[in-house]
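Below are two complexes that have chain A in common, paired first with chain B and then with chain C.
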Partner chain A sequence: MIDFVQNTIDGVMIGASYGLLALGFTLIFGVMRRLNLSYGPSIMIGAYLGTLIYVQFSAGPVAVVVMTVLGAVLAGIYVERLCFAPMAASAGIASMVSSFAIWMQLEQAAILILPRHTYPFPPLATGAPLELGPFLLRIDHLMMLACALLLSAGVQYVIYRSRFGLALRAIIGNPVAAHLVGIDVKTSVMLAFAGASAVGGIAGYLVLAIDQQVTPMFGMWATMKGLIAMMIGGLGSIPGAILGGLVLGVVEAHSLWHFGPQVRDLVAYLLLFACLVLRPSGILGDAPAAETSIGRRSA
Partner chain B sequence: MDFYLGLIQIIGVHTLLGLSAYCVLHTGQVSLAQAGFFAVGAYVAGMLTVLAHWPIVPALLVAGVVAGSLACAVGFPALRVKGLMLVVATAAFGEAVRLFFFNFNYQLERGGFHIGPHGGEGFRQIRYFPEYGWSTLEVAAFIWVVVVLTMAALWWMDRSRAGAVLRAVGEDEVAAQSSGINVTVVKVSAMTVGGVIAGIGGGIFAHYTTHIEHIQFGIVLATFAVAYPILGGLSNVFGTLIAVIFIQGFLIEGLRFMGDWRNLLFGGLIVLAMNVRPRGLIDAGTITLVKRLVFRSKERASA
Partner chain C sequence: MLVVSDLVAAYGKIEALKGVSLRAETGRITCLLGPNGAGKTTLMMSIAGILKPRRGSIRLGDTELTGLSPARIVGQGIALVPENRLVFPQMSVLENLLAGAYQRGDKAEIAADVERMYDRFPRLRERREQLAGTLSGGEQQMLAVARALMSRPRVLLMDEPSLGLAPLVVAEIFRIVSELNRDGTTIFLVEQNAHMALQVAHHFYLMEQGRVTFSGSPGQLAEDEVIQRAYLGARRAGG
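The block that comes next holds the complex of A and B.
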């Protein structure tokens, strides 16, 4: 029983990072309705730049955070300009293939920035874990969970309460009509992309600060985990992204405990496949799968 | 010379992989499960020739049938979802297949050696071609016979009623349904045919590399599989072939001298190609152009 609860706690904590990754994904998918495979790799570019100033100039944590987010945003805009802005709205698959090509490019760029396989990443909080009875809680895990909840609340606020969010929802609903009432569609979409990358950058920083190391595999890992969490939670739903991340984290923690690391990933993919087939709109999505997006919810 | 033969073999196998995705793409479905079917074909064919001492051709056929049946079985639930949800669902399935082979152990002892798939270490010593004394040239010729047969079959299918039905479903599902086409049957059949082709391709791949492991069949291979027909264009089978030659021959082998910088250029060139020709390198316009050129030269000859 103690193991079960401890596994669930660990799962929730790891799940918070998946939820954060899914949050950025949801923004891009909700606005563009297209799959950006380069999402993880562009976060990785930010992380590598952050690591670079940490390793070269022993920069402090604030500088590393700023550099990571800035790098992720720049890489995100680069992806948007090349793979999404020039493609017609109907050519979603061409965008996906392009973003895959950019993925390989960004991965190579990361290796050129820092050629060794593994680099240290500055830790977030060192110190003994909190003890609650028989259970252990790591402080950096708690900070990540708090960040996940705060950021998702912030994103929810921006999308549903701000003028910019209103413009975005108008674009999602009908891009032509949004253009006619004077919304600058291209700039808004680019800003949404940049915002999604910034959220991704923060997620990437937190995950790497807990792992305390960064490798070129991080990009693919981030794309896949964010994607799975987003799909399980419900496409285009902001609370769904966080919830999907938590569910994925808990399921993974339990299968890791019972079956080992190789089966853990298998279980994650089978969960995703089953979820998509049985309930394509995800846990919190309510509309039919193809139509689900941020804008279609009552607001 | 062996280098070029090796390249010709790679291009052949990747063309089969691309054609398997081409089939599914015709119905407007993007499947990232093709690498999974390719993996199933590779393992099944390898186990049949190594463990059961089957000849290569029946082993490939069985590999195709097994991969095709799996594709059919996956097609029914997976095709309930559309568009990007299908992309993700099939990607998840493909990764699940890969991780299955990561954990798959089935070893027999033969003359003091353990042979057969061995989890993370992969499946070594698929030595059918060297054991029976096939030269590299003969292997390359064998691969291309299969490729040409597949292309001919798909070319014929494109021009038959079946091709028209596939395109109808791909262009507008509702219109196709209202004119009496059973959309589910069409989609699942396309998925099955794609699975068969991917399975045969995988079987060949296992035999010319002689060593397969799970990591080769990941999401990267799956994306390559759909990238070929999308880059090449869906108007006919030669688009896929040309895209494979462009990516494998030019971008990967031709630019090898650029070392680490190759992948940077690789990404840029594919994005450029997709921006300049979003409907593929060979689209309907290219065919009209070629036809017009041929027609004009004939006219001139007769004049």
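The block that comes next holds the complex of A and C.
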């Protein structure tokens, strides 16, 4: 029983990072209705720049956070300019395939910057874990959970309560009409992409600060986890992204404890598969998988 | 005054506008009639900046509009009520109106304008929290007009506002068109309903296969002749 609770706690904490990754994914998918496979790799570019200034100049944690987020945003805008902005609205597949090509390019770029396989990443909080009776709560895990909840609430607020959010939902609802009411569609979409990449950058920073190391595989890992969590939670739903991340994290934590690391990843894919078959719209999504609910008034 | 000169617009190789020239006088209602496929929507979308014309010019006063982005054109004081309304389906009526005022910063004035729209279209007040996609066709048309007005346009373009509406609602729309014009808005209207259009218009144009084929005032041509030329095509009717 104690193990069960502890595993669940650990799962929630790790799940929070999946939720954050899914949040950025959801924003891009909700606005563009396209899958950006380069999402994880552009976060990895940010992480590599962060670790570069850490290794070369022993930069402090604030500088590393700023560098990681900034790098992810710049790489995200690069992906948007190259794969998404030039493609016609109907060319969703072209965007997805080209985002895959950019993925490979970004991975190569990371290896060029830092050629060894593994680099250290500065830890976030090294204090002793909190003890709650028999249970342990890591400080960095708690910070991760707090960030996930705060950021998702912030994104929800921006989308449903701000002028910028109104513009994004108008673009989702009808791009031609969005032009007609005077919204600068191109700039708004680019800003949404940048915002999503910033959320991804924060998620990436938190994950790597807990792992204390970064490898070129991080890009693929972030895309996979974010994608699976988004699909489980509900395509295009902001609370769904966080919930999907938490569910994935908890299921993974239990299967890791019972069956070991290989089975953990298998279980994650099984969960995705079961979800796609039984409830294609995800837990909180109310639209079929081809649509999105970010544009709806209440998500 | 909105002046269109020698406008050519094409989709790939198909020229939809083959040198169109016309003008909408300030403070007046100008109407454009023509059969399906004549190029009316193409012209409206070109004025609004959604389509980029191949040649020709569109001027509002001294300002050249061709080449400006749709957002800039809204900034110049032009608003289009598009064909098929194009409301934002997943947003509430109120949010649709607020989106219409997107370029304005004056919060108090926007709120006052929303109230004015509700006074003009009482149905919209009743349904202000309802999602626009669940409104009836007539209600969506009212919303599309109100949304366009929220930008406080000097020139209001309307593309077939009566499309698919019951006669009573059509009459209501035209009553509002006249009212808006009396309040000082210049109106350029595309219509299939020649009867209603000729009742409100000060000036009208006929268009066919991408060309303007007639320009005059409503008294100048008998209504059934207008209808014949507009919908059956001048050549066949005149033949």
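Assume the second predicted complex is superposed on the first by the 296 of 299 C-alpha atoms of A that agree within 3 Å, B and C clash if a C-alpha of one lies under 4 Å from a C-alpha of the other, contacts with A are read in each partner's own complex, and residues count from 1 in each chain.
Here is the rule we go by: contacts are C-beta pairs under 8 Å (C-beta built on N, C-alpha and C of every residue); 3 or more make two chains touch, one makes a residue touch a chain.
These figures come from a predicted structure and were not determined experimentally.
Novice: Touch test for A:272: chain B only (first), chain C only (second), both, or neither?
Specialist: After superposition on chain A, A:272 lies in contact with chain B alone.
Novice: Tell me which partner A:173 touches in the superposition: chain B (first), chain C (second), both or neither.
Specialist: The second partner, chain C, only.
Novice: I'd like to know which partner A:181 touches here: chain B for first, chain C for second, both or neither.
Specialist: After superposition on chain A, A:181 lies in contact with chain C alone.
Novice: Please work out whether A:2 is in contact with chain B alone, chain C alone, both, or neither, and reply first, second, both or neither.
Specialist: Neither partner.
Novice: Determine, under the contact definition given at the top, whether A:128 touches first (chain B), second (chain C), both, or neither.
Specialist: neither
Novice: Going by the contact rule stated at the top, is it chain B or chain C that touches a larger number of residues on chain A?
Specialist: Chain A has more residues touched by B than by the other partner.
Novice: Using the touch definition up top, name the residues of chain C that touch chain A in the complex.
Specialist: 48-50, 69-71, 74-75, 79-80, 82, 86-92, 95, 98-100, 102-103, 131, 147-148, 150-151
Novice: Give every residue of chain B touching chain A within the complex, in rising order.
Specialist: Touching chain A: residues 30, 77-78, 80-85, 87-89, 92-93, 95-96, 99-100, 102-103, 120, 219, 223, 226-227, 230-231, 260-264, 266-268, 270-271, 274-275, 278 of chain B.
Novice: Show which residues of chain A lie in contact with chain C when the two form their complex.
Specialist: Within the complex, chain A contacts chain C at residues 163, 166-167, 169-170, 172-174, 176-185, 295-297.
Novice: Any idea which chain A residues touch chain B in the complex?
Specialist: 29, 33-35, 37, 82-83, 86-88, 91-94, 96-98, 100-109, 111-112, 220, 224, 227-228, 231, 235, 262-263, 265-266, 269-270, 272-273, 276-277, 280, 289-290
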